[in-house]
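Each of the next two complexes has chain A plus one other chain: chain B in the first, chain C in the second.
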Partner chain A sequence: MAQILVENLEKRYRIAERKPGLWGAVSGLVNRVYRDVDALHGVSFSIEPGELVGYIGPNGAGKSTTIKILSGILVPSGGHCIINNRIPWKDRVAHVAGIGVVFGQRTQLWWDLPVIESFDLLKDIYRVLPLAYRTIRDELITLLDLEALLDTPVRQLSLGQRMRCDLAASLIHQPDILFLDEPTIGLDAVAKLSLRHFVKRQNRERGTTVLLTTHDMDDIEFLCDRLMLINHGTLLMDGTVNDLRSSARRVVVDFEVVPALSPEHLALRLDPGAPLTERVEFQVSSQVPAFVSAITAGYPVRDLTVEHQPIEEIVADLYRRLK
Partner chain B sequence: MADSIANDFALYLKMVSQSIRSQLQYRLSFLLMSIGNFVTSGVEAFGVWALFDRFGTLGQWSLPQIAFLYGLVNCVFAVAEGLARGFDIFGSEFVKTGNFDRLLLRPRSTVLQLAGHEFQIHRIGRFVQGAVVFGWAVWMLGIDWHAGKVLLLVFTFVAGVAFFYALFIIQATFSFWATESLEIMNTLTYGGVETAQYPLAIYRKVFRRFFTYIVPLGCITYFPAIAVFGIDDPLGSSRLFQYMAPCAGLGFFAAAIFLWRFGIRHYTSTGS
Partner chain C sequence: MNASAGLMLRLAPYLSVVAIRFKILLQYRAAALAGFGTQLFWGLIKIMVFVAFYASATSPPPMSFAQVLVYIWLGQALLALLPWNVDSEIATHIRTGGVAYELLRPLDLYGFWYARTIAFRSAPTLLRLGPMLAFAYLFLPLIGLSEWALPDPAGGLSLLLFVCSLGATLLLASAITMIMHIALLWTVSGDGFNRLMPGIVPVLSGLTIPLPLFPDWMQTFLYWQPFRGVADVPLRIYSGHIAATEAGFEILLQLAWTAIIIAFGYWLLIRGRRKLVVQGG
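This part shows the complex of A and B:
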């Protein structure tokens, strides 16, 4: 059975309309107008133990709402969700004992406490037995290279250092599920790399299930086999990263003369609005060989190259088209 | 169950000791804040004394009797304020910032985590000030002590702390709807301390009812104090009622926890 099962998840927020100006603010006190915003619109997916899934989408697509519901801290307006045989928001305490959550934007640690004392408190909060705690703590300290940071109060850490500590903190109770919400945001290249290696290792060696939201496609390329794409609260794609990559090839064709392309071929252009020249870039999602032979047979072609499109561009392109 | 309560309490003590240690890191600041707390709350005591010095008595009430009420409510409030800091700052530090999610992500009750958030030791200033006034009052009153009165006093103290603690929990609960901790709650917390410095009997009937049955401030100050003084209540309450009255403080605390749970349900369904 799936470890994480999500069916038809819906979330509707009720937002008070703000009217502009002082008068608007005052009248809003008396006569408040609400607007409903659908953050999730029937999202379904399931994740098996040990999977490492990337969850992407533009800002405001519904990623964080999903993570919050899966973490048990937000109750959906409709739909089902079962994680480790529990409904997260019905049984919050038992549920969160078995998961780890890292928010890139916000630390889970105590701002004023030295790192090691934060870990120590978490041990008590999660009721980790002393022996198990020492083993896992020392292992995390080694793997994430935290030795030099242990006595520093969290507020004095750099973002990259803090992120490593946050990651360690989320694993002290050895959860079998880890939610990472934009863990690499704002990190430098070195910090990003070490974080990615650690997450991959945690997934491979411990079998921890990971659900990762990010805007950094390198995270996705390095880490994830599977990718889910959400926009406007609807899941638009759920497949492997390889599928996505092979689904989009770029074919650059240099024609002998400005070609009189058929409507079907015109539509495949990377930028359908641009004026036609001798060089045309096509975006071909499937059946590249058939496309290439159709082009070479139909028009006078001087040169032709097929390129893998960087995943960053594929996704940006998807976002643009989904608007 | 018992095991889990012991475990919760051990965690609470650990968090409190953590909080105390981090406050003691700044020794000078702790000293200055305690002295400041002592002086600012002490000015009120001076005000009460000045009033009596000018007018002699307040109806049938003597200065030591007022001082007893004053000392009791200040001690109780100082403890509650020091313990309930997490709830006091809840709106600005947890709801507004979204930090409350962090507490919800941990497998412990939110009440326990907020209770352990901070134990403000500089509130000792108000406590010492209240205790000095209280001690003077007891000495002046020449109370005829027996075991029942001592027990009543201890019970009143516990129930009083619970009462003011509950006010802070209610204030925190309101901030789920209105993020800034409501000024209106200050009229009950700080206003409550001022109100309870004087005997309930001097207030109008509607206030007396309010502070007995709705916000039972009188039940943790005035009524037990009457029993300790060993006098007849001008309001006509029975001795038994005076001894049982502090129960209302505990009941008020239970009601606040219930309200808090309701607030959490609201928060997790609106996600704001």
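This part shows the complex of A and C:
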């Protein structure tokens, strides 16, 4: 049975609207006008134990709202959600004991405390037994390379250091589900890499189920077998990264001279309106080998590469089309 | 035995929260020192005012001057216990949405905050208590001002009952502070309370003027309001103005108020959580 089951999840926020200006402020005191915003519009999916799922969508698509409902923080306006046989918001205390959550935008560590004391406190809060705590703590310290940071107060950590500590903090009670809400936001390349490797390892070796929201497509490519795309509160796609990629290929050709392309080839250019130069990018959706031989036979070619369309562009295209 | 071990296990996370917050707050020694200076100054001024009052009294006042001295010095020493401000840490959590993380802990939210509030009320008090007692009880007699010094408690039993009552005061003051914390879910900024409460609490708790010195027609009202339990009761138990035989009932009354205010806070928090849900964490 699915570990996380979500059916027709809906969330409607009521937002108090204020007319601009002084009169708006005054009339707002007497006559509040509310506007309903549908953050989630019937989202359904299910996740099996041990899956590593990427959850992507533009800002305001409903990603964080979903994560907050799954974490038991928010109550949905409609629909069902069962995680480990519990309804998160109804059985919050039991539910949160079995999940780990990281919100990339804020820390769960105590600002004024050295990192290690935050860990100790979390041990008490989650009622982790001392022996189990020592084992998991030492393991996390090694894997995330935290040894040198342990005595530093959290407010003095860099963002990358803090995120590693936050990740460790979310795993001290050994949850079997991990929700990561934009964990790589603002991190430099090195910090991102180490975070990705750790998350992948946690998933592979411990079998932790991971649901991850991100704007970084490299995160998705590196980590996720499965991808869910949401926009305007509706799930638009649920499949593999390859599904999203489609069969389209990008063919980049460096010609010896500016080529006199046939009209058929001109139409296949990625940007048909651009002026011709030695380098031309083509978008070829089928018969790629035939296209490549036609090009190499028909024009003097210096270099030629065939690549997948970068996933950012696919998603950006999708977003644009969906708007 | 088993039941108490089980209770300890249930309470352990909350106790850790109290301990750690207490430890952080003890770091604010400079603030405590400044507070000590101010309170010392006010204590001396109030004594001079009461010296003048008592010298010109035409009928015997309802409190002896020694009892007033207790009221002033212990009142100054325990000033930080008064529920008149909010914990800026909790206020920041509410304003910035950090409450989301609080709800991720496998703890009852009221208990979680109440534990922190107890630390918030007790740690600064403890920092100021020592120096103030040393000054009022030991130092003043040394410089020849023993008639202004903090008198001894009315007796050993009174001292013991005073300590018990002080425990109840901590619970009550924290419960009142919790109402202010929970109200932040609606008002977001804590400024309103931080301005309103300093006007009300010192008067109703007796710290401005000892409650027994108010006119007779106000006494019934003053007796049956909860703020009396955050200062007036323990101070008068110490000085014997409340006899040891009556102190037990007074402490029960403090605890009853605590229970009522906690119940109200619980109810308020449940409603506030719904509100929080609407705002989207």
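Keep this in mind: the second predicted complex is superposed on the first by the 261 of 323 C-alpha atoms of A that agree within 3 Å, B and C clash if a C-alpha of one lies under 4 Å from a C-alpha of the other, contacts with A are read in each partner's own complex, and residues count from 1 in each chain.
By our rule, a residue touches a chain if its C-beta (ideal position, glycine included) is under 8 Å from a C-beta of that chain, and two chains touch if they have at least 3 such contacts.
Everything numeric here is computed off the predicted structure, so don't read it as measured data.
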Room on chain A for both chain B and chain C (clash or fit): clash
Partner chain(s) touched by A:Asp112 [first = chain B, second = chain C, both, neither]: both
Contacts of A:Val101 with chain B and chain C, given as first, second, both or neither: both
Contacts of A:Gly72 with chain B and chain C, given as first, second, both or neither: both
First (chain B), second (chain C), both or neither touched by A:Tyr13: both
Shared contact residues on chain A - chain B and chain C: 13-14, 65, 68, 71-75, 92-94, 96-97, 101, 103, 106, 108, 110, 112-113, 117, 121, 124-127
Residues of chain A defined as touching chain B within the complex: 11, 13-14, 65, 68, 71-75, 89, 92-94, 96-97, 101, 103, 106, 108, 110, 112-113, 117, 121, 124-127
Complex contact set, residues of chain B against chain A: 7, 10-11, 14-15, 18, 22, 98-99, 101-102, 104-109, 265, 268-272
Chain A-facing residues of chain C, complex: 9, 12-13, 16-17, 20, 24, 27, 96-98, 100-101, 103-108, 274, 277-281
Contacting residues of chain A [partner chain C, same complex]: 13-14, 39, 65, 68, 71-75, 92-94, 96-97, 99, 101, 103, 106, 108, 110, 112-113, 117, 121, 124-127
